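Below are structures written as structure tokens.
Okay, so chain A shows up in both of these, paired with chain B first and chain C after.
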Partner chain A sequence: MLWIAQRASAAALGVCVVVHLAVVMYAVQGGLSAAEILGRTRGNAAWFAFYSFFVLAVTVHTPIGLRAILIEWLGWRGPSRTGFLVIVTALLASMGMRAVLAVFS
Partner chain B sequence: MVHRVSGIALALFLPLHFWALSRALEGEAQLDAFLAWTRDPLVKAAEWGIVLALAAHFAGGLRVLALEFLPWRDWQKTLTAGAAALTVAAGLAFALAL
Partner chain C sequence: MKVSIWKGGAQGSFREFDVPRHPSQTVLDVVTYVQRALDPTLAYRYACRVGMCGSCAMTVNGVPRWTCRTHVDKVAAKDRLEIGPLRNLPVIRDLVTDMGEFFDKWARARGQFTGGRTKRDGFAAIAPSSEERAQIDAGIECIGCAVCYSSCDVVTWNPDYLGPAALNRAWTLVRDQRDQKTVERLRAVAGDAGVHSCHTHMSCTERCPKNISPTAGIAGLKRAILKSALKGEL
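Coming up: the complex of A and B.
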């Protein structure tokens, strides 16, 4: 289950990262300012949906990757590791969606 | 190893990235103050590190997916991953004008 989730989220992130890079390249032309960024992003439902999906993929992918590293490098197993990863997941989801809401809503 | 180290770097970067964007909730001035901070040479150097980490992790991930799902030979996967890493790093460096 985790194996499939990691590959599926990796494939989704591969597409998301390429789209994100294209957006960054477009956005940085002529320098960045808050007014310029927010003027383009706020109220844009399509990009809100895209970046919400991006955050979801990151929230799935990061804890599973960290889990493998924690096991193989630190030998960390058991409920404490699971608890740590649940906190990481919750932080990524909440901080990620807060950022998406800040920029797009 | 490269895939793991770059993955950890990205995992540490993401909360900072999210936090920075969330400052827009407190008003445009807060976000502008952050954007001004990102022009510091040290921050630029850190951004360069993140660019490399993203390129390396992206290419390593493509390699893993190719290894597991495509009937390619090893050297083809390594070449493809190397080419992808170079492409992403060059594209990002250009985009961010580092």
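Coming up: the complex of A and C.
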């Protein structure tokens, strides 16, 4: 069910965003350079798993929310809307994983 | 007092009337005065005048209210009233709306009680102190006035949405131990037209003249649907 997926991914995102922001603040305050950060993330399986999970949660959560907005604001229903959402989902997944792979491999 | 009242169908306009003020005057008294003394063509609906029948709801200064129990002193800011038909329902004429779709949605939400006993069986014993009975008591006094339906933005955005009153009715039946159609009812109220479209704005709960919280019922239905789905019943 979409509703359960939306709630579960929202819960996952809540944790992911907090961890992500905390790490960003920590890294910036520590004065780490981009090269130093990349040095720590490359080949680190734990961070790779965390950010892959983050991307998965975004990929599940965004199209479901967008679907409700398209229904309520534009009245867009039917196969064309589903097609549009499939494209959005594919874009989110591919762009997200491209970024994850750039940082970790 | 200056009173603007909607005249005509969906494409009508407000017309202004001068109405004398009286102590303890209700908005319904104002509308009745206009029809009897100023404009006999004015169409509006009422029956009981004491907050039981649910037929006199109108939009008063932008807010849906039961007009028979709404005192003018409470709502007429600067001695002005603007009275229109309920929102989210087709206007038939003046202050009268077509309630057909509103009640059809009760049927679509499986608002009918389906018992399983015959006249040969005994009475079902339901403890007044049980959790189910308390939840039913909290929602059962609905008078079907459509104030909640008219207040709900989700109904405006998504005309298929069943609305707070129909979902509240479904919730009281889902909690009724005697009813036999719980799974069918949960199926009827799940999805885009049902509880999962609710944004929890709580306008229905804020405006309900009977102090019912359809939002609480909708949240209960979401939980019941989740449990039922996890059991593989839906």
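Odds and ends about this structure:
To be clear about the criterion, the second predicted complex is superposed on the first by the 101 of 105 C-alpha atoms of A that agree within 3 Å, B and C clash if a C-alpha of one lies under 4 Å from a C-alpha of the other, contacts with A are read in each partner's own complex, and residues count from 1 in each chain.
Here is the rule we use: a contact is a pair of C-beta atoms (placed from the backbone, for glycine too) under 8 Å apart; a residue touches a chain by one contact, two chains touch by 3 or more.
Nothing here was measured: the structure is a model prediction, and the numbers come from that model.
Overlaying the two complexes via chain A leaves chain B and chain C side by side, clear of any clash. Seen from the CA centre of chain A, the centres of chain B and chain C span an angle of about 70°, rounded to a multiple of 10.
Of the two partner chains placed by the overlay, only chain C lies in contact with A:1; chain B stays clear of it.
In the superposition on chain A, no contact is made by A:15 with either chain B or chain C.
Shared-chain residue A:92: touches chain B; no touch with chain C. Using the contact criterion defined above for the overlaid structures, shared-chain residue A:71 touches chain C, although it does not reach chain B.
Of the two partner chains, chain B is the only one that A:35 touches; chain C does not reach it. Counting residues of chain A touched by each partner, chain B versus chain C, the larger count belongs to B. Once both complexes are placed on a shared chain A, the shortest Cα to Cα gap between chain B and chain C comes to 5 Å. The residues of chain A shared by its contacts with chain B and with chain C are 73.
Remark: chain C residues 154, 157-158, 190, 192, 196-197, 222, 226, 229 touch chain A in the complex. Chain contact summary for the complex, chain B toward chain A: residues 4, 7-8, 10-11, 14-15, 17-25, 28-32, 35, 54, 58, 61-62, 64-65, 68-69, 88, 91-92, 94-97.
Listed in rising order, the residues of chain A touching chain B in the complex are 7, 10-11, 13-14, 17, 21, 24-25, 28, 32-35, 37-38, 58, 62, 65-66, 69, 73, 88, 91-92, 95-96, 98-103.
Those residues of chain A that touch chain C in the shared complex are 1-4, 68, 71-73.
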